[in-house]
Amino acid sequence: MNTTNIILIPLLPLLSFILLGLGGKRLFGDKAGWIATVAMLISFILACGVAMNYFGDHSDDAYVSKIVFNFPWLHFGNGLQINMGALIDPITSLMLFVVTFISLMVHIFSLAYMKGEDRFHIYYAFLGLFTFSMLGLVISSNLFQIYIFWELVGVSSFLLIGFYYQKTTALAAAKKAFIVTRFADLGFLIGILVLSAQAHTLDFQQLMINLTSTEYASAAGAFMGISALSWGLALVFMGAAGKSAMFPLHIWLPDAMEGPTPVSALIHAATMVVAGVFLVARLYPLYSIADVGVQSLISSVGAFTAVFAAVIACTQTDIKRVLAYSTVSQIGFMMFSLGIMSEDHLGFTASMFHLFTHAIFKALLFLAAGVIIHYVHSNEMQDMGGLSKKMPVTHLVFLLACLAIAGIPPFAGFFSKEEILLNAWNNNRSIFFMALLTSGLTAFYMFRLYFSIFWNKPHHDHDHGHSKKEGSWFELVPLMILGVGTVLAGFVPFGEYVSADGKPHHVNMDLQFSLAPVGIALLGILLAAWMYFKESTKPEKTAAGFGVFYKAAKHKFYIDEIWLGFTKGVLFNLIGRPAAWFDKNVIDTLVKGTGSATQGAAEGIKGMQSGKVQQYGLYFLFGIIIIVSVFLFTQGGR
Amino acid sequence: MNVEPGLFHFLVIGAVLFFIGIYGFLTRRNLITMLMSVELILNSVNINFIAFNKYLWPGTLDGAFFTVFIIAIAAAEAAVAIAIIINLFRSHQSINVEVAEEMKY
Amino acid sequence: MSGSTVVFYLLGLMSIVSAVLSVTSRQIFRSAIYLLFTLIGIAGLYFWMDYQFIAAVQIVVYVGGIAVLIIFSIFLTQQSGEQLPEVPVSRAVAGALAVMAGLALVLVLMDRNGFTGLSDPGPAPSISAIGEKMLDINGYALPFEVVSILLLAAMIGCIVIAMRKKPQV
Amino acid sequence: MNLLWMVGAPLLTGLAIVLAPARYARLIALGGAILQMALVMGLYFSFTHEREVGNVFPLLFEKQYQWFPSLGFSLHIGVDGIAVAMMMLTAFVVVAGVLVSWRMEHMKKEFFFFLTLLAFGAYGFFMSMDLMVMFFFLEVAVIPKYLFISIWGSGNKTYSANKLALMLMGGSALILVGILGLYFSLPPESRTFDMAKLAETGIGFEIQRWVFPLVFVGFGVFTALFPFHTWVPDGHSSAPTAGSMFLAGISMKLGGYGCLRAATYLMPEGAREYANIIIVLASIAIIYGAFATMMQKDLKYINAYSSISHCGFVLLGIGMLTKTAITGAVFQMVSHGLMTALFFAIIGMVYERTHTRLVEQMGGLLKVMPFIITAMFIAGFCSLGLPGLSGFVAEMTVFVGSWETQDVFHRTATVIGAMSIVVTAVYILRAVGQVAMGPLAASGEGVEDARWYERWSVIILIAGILAMGLAPFWLYELVSPGVDVIVNQLAGE
Amino acid sequence: MFEYLHLMKSEAMVLLIIFILLFIKLGKGLHNDTLLSVVQLLLLCTVVISFGFNDTGRVFNGMFLHNTLIGFQKGILVLAVYIISLVCSNWFRQTEHLAEVFVLMLSALLGMFLLISADNLLMFYLSLELSSIPVAALANFDLNRRKSSEAAMKMIMNSALASGIMLFGISLIYGLTGSLDFAQIWGQVKTEPIHMMAFVFFFAAFAFKLSVVPFHLWTADVYEGAPVPVTAFLSAVSKAAVTFAMVNVLAKVFANLSGSWYVLVVALSVVTMLVGNLFAMRQDNILRFLAFSSIAQVGFILVGVSGQNEQATVATTYFMLVYVFSNLAAFGVAAVLLSEAGITRIEQLKGLYARSPFLAWALSLGLFSLAGVPPAAGFFGKMFLLMAGASKGNYIFIGIATLNMIISLYYYLRVVRLVFTSPDKDVASLQVSRPVIFGLGICIAGIIFTGVVSWIYDHIQSLV
């Protein structure tokens, strides 16, 4: 029973993808959405079922990860083989729940949000494809399977970002997202090769056993003084960083907001972008035994990204971009928390917890943003303001979400962030302070957003009558559900279920520790309120105060330009162009040259055929004489 | 070398005539004179044959017969050649070899 | 130095000299006559080697046939008495070079090989013997027939070529 | 089943086309192609059946007919898994090619005749076990290509056609000298062209040393070995659609198959001797081809250059000399054959509608021809190695195989090869994105989507791609024993 | 007596035809068409007779040798003549000297028969002359074309010189060995300078007749100027005959010098292929183009000859058979185009396919076969020549040969391309008369089947 359920969970979305993709408009018309949603609903229920009866049975105190099914997909000659399987363990169950839940919400939301789109069915088909790939990713039983679905989520994200395919910006964003992550995946792929060659298996459990056991862990195949294991893990982390938009590979995520807002909510806030975190978590046991260098790489990258993104977020004016950067920053939290390896593995639990809560409230934020954008037909802050009366529901849930992300008790964000900070405090103070700063910034920019959307200046209807409704129930109901989630999610005794070693893990919160973060968060909120509650010139002044730093932050510290310079300058002009030139002018010329040389020779000797009988005779005679004399000199002898 | 005429003298005469003929063939520009040179060549060969036959292989008659047949062939060749030359003269109004150089390269 | 030797040298000299003249003279008619002398000289050499039959054939066919044919064709094609065109120097030099090289090569090799003929040449074949052989089926009957066919073919060819009517222009 | 049917079918088809009136040509050609497809499928199933009943003999359906026996030829035919895979590829491409050129008007009779002649050559090549016969079929397939380009081609076709024919002939000249050397190096009593015999008698190292490069490079020319690849772009871009499909889909595979069968299998020591050079050239071809592709503007040139890059994987796999890598090479041949044929078919359709092949003159075509462009996306994703499509399977197998050899040289080569997947993504997305997305370009005004025959040709190829991409294990089962034979030969057993 | 007739049946047959023609001519004569068909019929009989019932024997005191292989070779020659009489029938019908043409052509053929059978230097010389002088006369038979007489002049003059030089060589050989009989000469030839010189002088004649570089210069001019049937005859029949004779003589007479003449043959073959190809590349007159291509082919034949073994003989014979078919297909088409449409230049071939698919296919097949492209028989022919040559282990040489194959492919394909490209303006379609179709049909069948049907080769093998 269990097995079929687990297979069905990803298969149902796939089914809806195939149905809608092939059937298209002709068969379903605008029923397409319903088909997909129903499929999604079923698989959500199944996922809940799976999660429940996984967490349900406390046969022993530790949750064991079990391979539910596993069949060979492709052999390699050398005993390696790629299986297709399902591995069920705490984080899998967690992710199954999260993905199906958010996806369901987005499906329902889109029923109204995407109504009347030309390629409505395609939209849902792609959603199905994405959900399938994401679910496949989380249940993967081996490294290669995860890579396969990794690529698939990449491509479905490409398709969804480029959904409005006639917008050039959408095209550019889609390409950017795919290529950047692809670049990261190169690392992932080589990492897989390294690890598999090292461990002679791809299967996770076997991988753990083999690599943690002594004879493999010994620096076999060390290269440049670093053990193959660390190489592999570092490279895999590169892939994870790409998918999870860690600095400096984060550049694709803000642009990805070109996609439809629900898509941003699903893919670029809740699920796909945390795949990197999931991957690292999946390989956590290996990372925990890897060189310290790898661990500190992860933590420092995570922490830096958190601060960096938060700073940029404070300066952006496009609300979706603000949210995007906040996503980056939050994922930074998860990442560094994973990176800080302590013997109690608190970081693992904390990170997963934050992933869980963040998924909910960030999805909520994005969907709410979607409603707002539909309402004012713009992404820009200055077109908004004073919407609190116009759209009460949205206002409420948005506020909840902001509080949650700012880490104000008792909302979801608070608990998870607390754990992360606690872990940082215990093990790595410098990172702790960075994180503290970041949560302050987070509170600031989120409420900057909140105030300038809902208060700031009174809302004047520069648009004409229609859509004065806040939004249809299909939009609002998901918001409410998520809002409830935002409030409650924090109270889940998360540590009981999810922990690095599967054993229940009790976190003890002490209030005086959480004073600092909450305090700094409140500080940030007050600052935001002071600056943005009423329309004023304070922001400009402050910005001017920061001067060049502000400018840099506004331009995202020019990372995009640097990358652009790299691709255009190096890849195209320094490698591509010369290669093409070489091919056209050198190799081709060689070929042409032989041809023309032959022609030239032909022209050269044409005088031989002079048409004069006597000259022919002369050639005849000379021919004979030469041959004879040559003979005399070579053979003739004696 | 001894002055007593022997095989070698004949061979020398033959060779000299042969190459004189070739020289003529290569240099004369009148077709008929070229033909004459060819006759010279053939005659020189005849001398060789007879000489060899006489001085080296008197037993058989091969050389002599060869000579006879060469003479016959020479006649035939000359006849055909002259016919062709006359025809050429009709079409080109000259028997100078340079008039017949239309086809080249 | 016996008389026969003297005769030999005279004959040889005559044929060579007149051959040279015949390939160099710029009077086509004269060169034809020089050719005649060469042929006669060669015939003389055959007599000297007392191959009378060959000599006779030489006289009959060459002097009586080919030479006459050539002279006729000269009359047909040439206003006699007009000079032959000058030989271009380049061609003359090239020809001379080739010929000299060839002659040197041949003579050297012949000398190297040193054909030492028999001191006493055997008896010359009698005409009757030649006749016998010529028609003997184990002798030269086949070549004889072949030549006859060749002559036939040549004759037909000459007729067709030489007897064409004037082109209708 | 008797393999002669596999060459007989195209031959008879060709005859029928010649004899029948022109307007039936395409019908007959299609019928013949479908017949071939059916035969190949039959071959596949009977082959697998033989394997299931435990026939482990590497070569199945073997037959040997007298053919110039006095010279040591013999029409020795037989197939192993690799050959079967290749023949299936051929069948797919043939059907698709016929369908794509359904509306061919100019000299259609000859067109379809040459098409079937090419198929004839390909089948014969893949099934022949005798070097000379192999060579014969190889050459059979050259001239039709020339005529394809120079009669039905476009652009600078004379130049391209000459370049292609002469370079390919040059390659086969090398092969010829090589196999003659092989033949006469043997003691007179044991002289033969029969590969099975040659393999078991074995060839002296000194001979392999100078014959292997000849044969390998000779076949390498066909499969765009690095310095000899320059016929590929011009040839492909000037050829008519079906012609390009054949060139890239099958003809280049002849080369790869030859490198594997005639060079590596017969001359293992030679292969080991020169493996590193092969690897270097292959890696150059992969990365260099990819970068050169990035700069192209003409869709056909893009695909042609990317073919150079992709065929580099074939050679890389062969050069690595491990079982996995060689399996990967075979996979890559099949995959690239299907994928590039699909790509060329689509390019042909797009060109027919927009009358341009320059990327910058297209845009937003997804709106007006959704079917074609969707197929184009699939082809593109396949070529950039998206899981679930054939390209991924092949490339991964090659990578895993080449990673096995544990030294810096091989691994560097692998990494270089792997880098190309990024570059591939770049140029594929640039091209396909530009063509499909963005505002609708003027060239796309008022064009209609694929017609039935185009749809079917596309569907057939995509079916092949998916069949390999979603469930590669059957292909592995098919190919693996054949590869084992070669690997054992390499291992000197 | 019967023995003579039995061994010399082909010669007898040809002679018979000659006499019949003479009588017809001396009588009131016949209309060209009837005469032509009579001749074709008789030739057909000759083909049958020559291929059938051959056995070994020598008559006329060893001056005439006949065996199964020679019989087969004669068969090839007369078959070639028969095909010529078919494919060039347009020209034959128009000429006003049909009987004479055939008398001359057949006597030349007779000469070639005797040349192949010759076992004696005298016979060799005579039959060589018999096979060349009438052809020289024939070259003049387009009586009103200036080029025709020029061609005839060039041919007669050059061949006179060549035969003179050969005679000098023969005289030396006679002097050195004291015999004209091949068998006896074989024992006497030594590797001494003068022997070699004699050999070279003698060999030059072959080189001249085969038009091996540098003795080839007459070829192109004569081919261009002479009437098409004569050109075809020269390029197919006489080339084949001389090849057979050369293989025979080199193996029989100069076996002792084989070490030396191997080098000679290799060198000449390389030069010949190269020069022939380079000249063929830049021709625009069809006949000249074919002339140079045939020179290149000769280079290839020499590759086979250099094998110096039984297989060389087989390969050359086989190749000549193929070559006859291929070359005559090309010449036949050229002849038709010349007489029907006045086409002489290669550019004018553009769009030939549109005018007559049959001619286009015949020409293309012929050229493919000449280029050595499968499945045409030429592929096998060249393959076997190469194998014969490769048996010496001189792979550089083989490599050069294959490279030349590529060069030749370039210009052959150039013609084929022109044939198949569609014409600029729409042109009248060409009418092809029945005998021509028949003749070309024979060629096409030969091109296709001689190769893939391996028993033809095996048959030749069995004859040796």
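Each chain gets a letter, A, B, C, D and E, in the order it is written, and its residues are counted from 1.
Definition applied: a residue touches a chain if its C-beta (ideal position, glycine included) is under 8 Å from a C-beta of that chain, and two chains touch if they have at least 3 such contacts.
Owing to the predicted nature of the structure, the values given are computational and were not obtained by experimental measurement.
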Original post:
When every step has to jump to a touching chain, what is the lowest number of steps that links chain B to chain D?
Top reply: 2
Original post:
Which neighbours does chain D have in common with chain E?
Top reply: A
Original post:
Given the contact rule stated at the top, which pair of chains has the most C-beta pairs in contact?
Top reply: B-C
Subject >> Chain nearest the global centroid, as defined over all protein CA atoms shown >> reply: D
**OP:** Name the chain whose C-alpha centroid is farthest from the C-alpha centroid of chain E.
**Re:** A
**OP:** Find the geometric centre of each of chain A and chain E from their Cα atoms only, then give the gap between the two centres in Å, rounded to an integer.
**Re:** 77
Subject >> chain A and chain D, separation of their C-alpha mean positions in angstrom >> reply: 36
**OP:** Averaged over CA atoms, how far is the centre of chain C from the centre of chain D? Could you give it in whole Å?
**Re:** 71
Original post:
Any idea how many Å lie between the Cα centroids of chain B and chain E?
Top reply: 27
Original post:
Tell me, which residues of chain C touch at least two other chains?
Top reply: 91, 94-95, 98-99, 102, 105-106, 110, 115, 140, 143, 147, 150, 154, 157-158, 161, 164, 167
Original post:
Among the residues of chain B, which are close enough to touch at least two other chains?
Top reply: 11, 18, 21-22, 25-27, 29, 34-35, 51, 56, 65, 69, 73, 76-77, 80, 83-85, 87, 91, 97, 100-104
**OP:** Can you tell me which residues of chain A touch two or more of the remaining chains?
**Re:** 606, 609, 611, 613-614, 617-618, 621-622, 624, 628
Original post:
Could you list each pair of chains that touch, in label order?
Top reply: A-B, A-C, A-D, A-E, B-C, B-E, C-E, D-E
Subject >> chain B partner contacts - residues on chain A that touch it in the complex >> reply: 606, 609-614, 617-618, 621
**OP:** Could you please specify the touching residues of chain C with respect to chain A in the complex?
**Re:** 91, 94-95, 98-99, 101-102, 105
Subject >> Parts of chain A lying in touch with chain C, wherever the complex brings them together >> reply: 614, 618, 621-622, 624-625, 628-629
Subject >> chain B partner contacts - residues on chain C that touch it in the complex >> reply: 1, 4-5, 8-9, 12, 15-16, 19-20, 22-23, 28, 31-32, 35, 38-39, 42, 45-46, 49, 51, 53-54, 57-58, 61-62, 65-66, 69-70, 73-74, 76-78, 84-85, 87, 91-92, 94-96, 98-99, 102-103, 106-107, 110-111, 114-118, 121-125, 129-130, 133-134, 140, 143, 147, 150-151, 154-155, 157-158, 161-162, 164, 166-167
Original post:
chain A touches which residues of chain B in the complex?
Top reply: 22, 25-27, 29, 34, 97-98, 100-105
